[in-house]
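Letters A, B, C and D mark the chains in the order given here, with residues in each chain numbered from 1 onward.
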Amino acid sequence: MVFTGKCDLRSPLLGRRLRLGFIGGGKGGLVGRWHFAGARLSNHWEIVAGALSSDPENAHASAAEWMIAPDRSYSDWNAMATAEAARDDGIEAVSIVTPNWTHHRIATAFLKAGIDVILDKPMTTTVSDARELVELQRATDRLVIMTYPYAHHAMVRQAKHMIRNGAVGTVRQAHVEYVQEWATAPFPSDAKGAMWRQDPEKVGRASATGDIGTHAYHLLHTMTGQDIARLRAEFHTCGAVKAMEDTAYVTFRLENGAPGILWVTQAAPGQYCGLRIRVWGDRGGLEWDQEKPEVLRYVPLGEQEQIFVRGHGSGIVPEAERLIHLPRGHGEALVDAWANLYAEAGVAVAARRAGYALPKDSVELSGAEDGLKGMLFIDACADSHESGGSWVSISGESIPNFC
Amino acid sequence: MVFTGKCDLRSPLLGRRLRLGFIGGGKGGLVGRWHFAGARLSNHWEIVAGALSSDPENAHASAAEWMIAPDRSYSDWNAMATAEAARDDGIEAVSIVTPNWTHHRIATAFLKAGIDVILDKPMTTTVSDARELVELQRATDRLVIMTYPYAHHAMVRQAKHMIRNGAVGTVRQAHVEYVQEWATAPFPSDAKGAMWRQDPEKVGRASATGDIGTHAYHLLHTMTGQDIARLRAEFHTCGAVKAMEDTAYVTFRLENGAPGILWVTQAAPGQYCGLRIRVWGDRGGLEWDQEKPEVLRYVPLGEQEQIFVRGHGSGIVPEAERLIHLPRGHGEALVDAWANLYAEAGVAVAARRAGYALPKDSVELSGAEDGLKGMLFIDACADSHESGGSWVSISGESIPNFC
Amino acid sequence: MVFTGKCDLRSPLLGRRLRLGFIGGGKGGLVGRWHFAGARLSNHWEIVAGALSSDPENAHASAAEWMIAPDRSYSDWNAMATAEAARDDGIEAVSIVTPNWTHHRIATAFLKAGIDVILDKPMTTTVSDARELVELQRATDRLVIMTYPYAHHAMVRQAKHMIRNGAVGTVRQAHVEYVQEWATAPFPSDAKGAMWRQDPEKVGRASATGDIGTHAYHLLHTMTGQDIARLRAEFHTCGAVKAMEDTAYVTFRLENGAPGILWVTQAAPGQYCGLRIRVWGDRGGLEWDQEKPEVLRYVPLGEQEQIFVRGHGSGIVPEAERLIHLPRGHGEALVDAWANLYAEAGVAVAARRAGYALPKDSVELSGAEDGLKGMLFIDACADSHESGGSWVSISGESIPNFC
Amino acid sequence: MVFTGKCDLRSPLLGRRLRLGFIGGGKGGLVGRWHFAGARLSNHWEIVAGALSSDPENAHASAAEWMIAPDRSYSDWNAMATAEAARDDGIEAVSIVTPNWTHHRIATAFLKAGIDVILDKPMTTTVSDARELVELQRATDRLVIMTYPYAHHAMVRQAKHMIRNGAVGTVRQAHVEYVQEWATAPFPSDAKGAMWRQDPEKVGRASATGDIGTHAYHLLHTMTGQDIARLRAEFHTCGAVKAMEDTAYVTFRLENGAPGILWVTQAAPGQYCGLRIRVWGDRGGLEWDQEKPEVLRYVPLGEQEQIFVRGHGSGIVPEAERLIHLPRGHGEALVDAWANLYAEAGVAVAARRAGYALPKDSVELSGAEDGLKGMLFIDACADSHESGGSWVSISGESIPNFC
């Protein structure tokens, strides 16, 4: 096995696609389709097995659509973990795209079976479950890759490294919002996917905060390179369904003391997927909007605006170049971010299996510790809200990034 | 004297321009120039007298530029109040555009001289001063018109009445921000205009909060038709000058309980005059951005986006029609909003002098009570901040709008 | 009389406002209102006389609205020229905002009366009339200032000088369009202002081409610093009213041979005042859109985009600085461009009267020769169209700019 | 074999992926990568064979990257046609993404071998070659699918059917431009992909016109439902490389007589992939921009603007619904359009092989006749240009769309 030294995201490291299984993703779900598209487009993976639904009929019909061979379509994820681990051509990683409350048990089964795990956020429903998974990941020496797709947009990567390289100077303030409209009106009665999000047993201590809130939190962390040190949170229910919060307002301090606001709502008519971040330092500002993912607005203090447009050359950093596939103006969007995530995951899994140490920053993934961070964030928000908005520290334990 | 019954903002009510004086506005100032431009463009006013600066040399040089006759250029506002009140052709209103700490005494002098007052925000430096002015206004039966120019953009008027007419349903959430960059770096040593804003004696209990914060608060109130019932605030200093806050984060509840965030900063590199508001109800959302004042984004829940563009016809409400001067696409901007304000002020002053009762909504101005509201807002923010972010009610006294 | 040497557009050169008269502008008209607003906002002019309509009743009612004294409200422009020329306090310039077919005779009368002329475009209805006016202007040594307001936007001035300073290198291609919707549907029966635009006797050889076409042509000339050397044109009627062309497509070559397209239509549903220009050279591109007048998109070849935002500092050239009144983000729009035009006109008229030679580029106005250029452009378009689209040269006579 | 009747683009018609081969697409190429991504993402195809380059070393290295088995990596496309036709598991379609001059011979070989052809535009280098391919397609009863990816954006499909359904009324005018910057400066010496585009033997009678011009032409035809009846064209060379035209200005008449402009350039600094179309009728206007593919600007005459945003529901037509995969705000872009194209191609090929008649509009592809139309367009442009810009009719033969 020969490595080139250069980690080229565009071609699989082992000279072949890796074998991937899926838990969840059957008809009626939404998230699974994105993972599926990203995995296929990345060219690093072949999807060969799946327990796509807990309903056997749905599982097998969906597997047929995904072109999974009938003998590798399972209706039970536990059985799948056992069977696939036993095959010579068994899956080399599993993507878990089920509701939150099942993450811990499924991830545990596959880690114990020696299979690398790709896990949708939030990691679990409780901090203690998350801590267990972090420990299990360390004990098994397998990968847990948390899927925060927005961090895999080329222009988010660009912004992250520009900030790291000093483009805005010292961060003095950062603001992130994630606003959507889908929970404004009552859900249709068959909206199974929405229902479990209103049940604390299944979704965890918070609903919107755990869903889009962890995305916002992760993006803030990715762009600024800093964690939230402490926060205050208010939960609200602004939409029609009242079981859990659909709106959260959080003010925070970063590790260096810089303040900011993170807020989310799913009851904002006319807002589709409005994840927007602004990072302002003493020397400039950088802004990115998920609905215009190809551009980055950069204003060095006292100068005219610069619009960085995704494409090769012209001040694009090498770490972002790796995520760029089309020339400027030939649009890339969400599925390209997912494909970048799955390409980086493919490199990481292949490297782990081959015992190859990747060069620094050759992939920039989120690991089990990032999953735990997300759970600590949710917990801190819920604690603050329940205490009437007092300041809550996010646990001071050292939680480095995966890559 | 004959009134047409129809209150046409485009032509002076008395068939002649009203005589206007200015306190402040001399060289080196910024705000006075906008008032001046609005008054001239409105065609309702002739600027005939002024104490444009407390420095006599500046006062007289500025008066010459403004084409004020030398014998009506004063270096002392008190002398001006007396002299103008005594003239047959004395001023019929005075615009006060001086630093905050002088508002109370100047407005008092002119009200007592029987002259209507047009007063830049914030009203005073203390709530007690503001209460005194409200009482004096009532006692003298003269007008106090607070100048919140953004409320006089045609599309803000449109939004206000669309919301009042039910376009978004019940307001469930509202967010307003006002972000600027000018205080990011240290001020130049000759920035007189900025210096007094860092001195609590001269600016009041808060700096950015009193300046752009009251604009944001007023816009929120104008658009939603609701007041803030209670709030929590954090003050921060994110820019280079550290004497007072340049940043404030406020979470609030409207009178109907709907939550929201109001926040301002003057240390946001790349942000020029970013006053933006979003009002979301159970049936739709409305959004407006001061930097794109000609358009209103309206999304009825479940329908495609509508972009309302300023111009005659096509669903523009009559209250907004009155503020429209150019056809769609022929841009109007800030000076047009100021001109609308001064046209509405001209109608109100003319009507008061003529004893004419204006039809409802024929002008929509902010009065002394709105000035007091602004001061109560500043006070509540400062109280909350100083208490570590506790909830503070804004005084429950009945404070109706002027019009 | 003392001049400062510095030509400050913001204060009248003679230390007083100049006296201005108007021909046209009465109720029912549109263009007059813009001239009026620009003149007032500029602070360089006092409007003291007018023949605002050929209908005496309209003339006097409009004059009352404009605050013109009854004894200086005329119903006959010829009488006004005579009377005003005879007064000690007579008008020092006249603005002519009447339909095209009256321009020549009215301008002639005022020039002969020794009064400087401010004239709306297009200059006349025929080239020969335009040549006569050019000669008369020279013979009388009075000013003829053509009003192309878009050239007085700060960011157009900025673009003009950036291109002159080499920002795009050698111009290789330029494209300008001016698209509107107002002629799509049949006119209402009382649309007097539209009717004469469909009568060749009153409007000239072309309708839309003479109206918005000359604006587009002037902007092209202003930005590139080059004239059209030759062109080919097609006229079309795409809207409901069929008497004359409402649409024209022109391909051209600039003086240096660079090709481009200039096109206009008034039958484009959803387009309001879409005047847009793009200038592309071998080293970069510059783009401006009248509906977003505050920004200039500049892309140096091979670099990221730069958005120049109107405001002081940061690479704004001195020639544009003079046209800037508000800080960045505090919007300026069409009335500000008109005010700039009238301020520059005020400086030019004052300088002529005082015998003062203005420094180069201290004002950048369009003169009689620019008016003639516009007529030659219309003629060339009509000639080409009538010949089935053959190439037509625009007269090679030397026609320098006014300033 | 059972068909559901409903043609669901999201799952392969035959219950399995089809076998696809590629000619061209090896390292150094650009277009092949997009086809590859679209085919993989569509989930309708498995890429199992290829002659990815005429250079054997590149061919085999590229095949390894694409995960094509070594025994099905060819260095000669003729050999591949023969070999694949002979295999039981041979390819069911071939994608040809080579330079123009090879299209005719390669497509001929595969059609004769009984294999359906997916062919990049323009079809050939001459009209006579294109006519031969049309005839061969008919004779062999195989499919020739021309790849115009922009027509497979959901919002282009939406616009097409809105116009067909009367949204703009009668089309009165249409304008399309395609502007890019890549040919502004001299090519690097190793730009093999650019070099053949400057050689008439290899590219055909026109360069930019055949490349981006045919895209613009196809989009115009798709959106309006009308063909160009006659046109006039000028070719120019505005960039640094002078062998062939990089710029073309075309004025045209549609079949119903409506005029318009189609123009393209590859020498526009700051323009990346600027394909924009505007269709204006007597009842409204519709506009689309390839760089903002998710939105459609629709203005019914006399009403406020509507922004149609890609996503399910809210007035999206069924024909567009089929092309939508993600919720509104979760961006789709160019690779999604390619995936739609390959999904529609997959359905068409599967249906042909199964002898299944597809319901009308269940797929909307471009066929051999559309390829010929593109060649006739290029020819007409070149004829007009060479004749000094005379009007040229595009052949009147009946050339219906494929679907």
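Going forward, contacts are C-beta pairs under 8 Å (C-beta built on N, C-alpha and C of every residue); 3 or more make two chains touch, one makes a residue touch a chain.
The model shown is predicted, which means the values in this text are computed figures rather than measured ones.
Residue numbering at the subunit B/subunit C interface overlaps substantially, since over half of the positions present are found in both copies. For the pairs C-D and B-D, the larger set of C-beta contacts lies at C-D. Spacing of subunit C relative to subunit D, judged by their CA centroids, is 44 angstrom. In terms of their C-alpha centroids, the spacing between subunit B and subunit C amounts to 34 Å.
Put simply, the C-alpha centre of subunit B and that of subunit D have 56 angstrom between them. Under the contact definition stated at the top, the residues of subunit D that touch 2 or more other chains are 271, 302, 305, 309.
Every residue of subunit B that touches subunit C in the complex is listed here, in rising order: 10-12, 15-17, 30, 33-34, 37, 40-41, 43, 64-67, 180, 182, 271-274, 290-291, 293, 309, 311, 325-336. Interface residues of subunit B, counted against subunit A in their complex, comprise 168, 172-173, 181, 184-185, 232, 234, 236, 238-240, 247, 249, 251, 258-259, 261, 263, 265, 267-271, 278, 280-285, 287, 297-302, 305, 389. Chain contact summary for the complex, subunit B toward subunit D: residues 302-309, 313-315.
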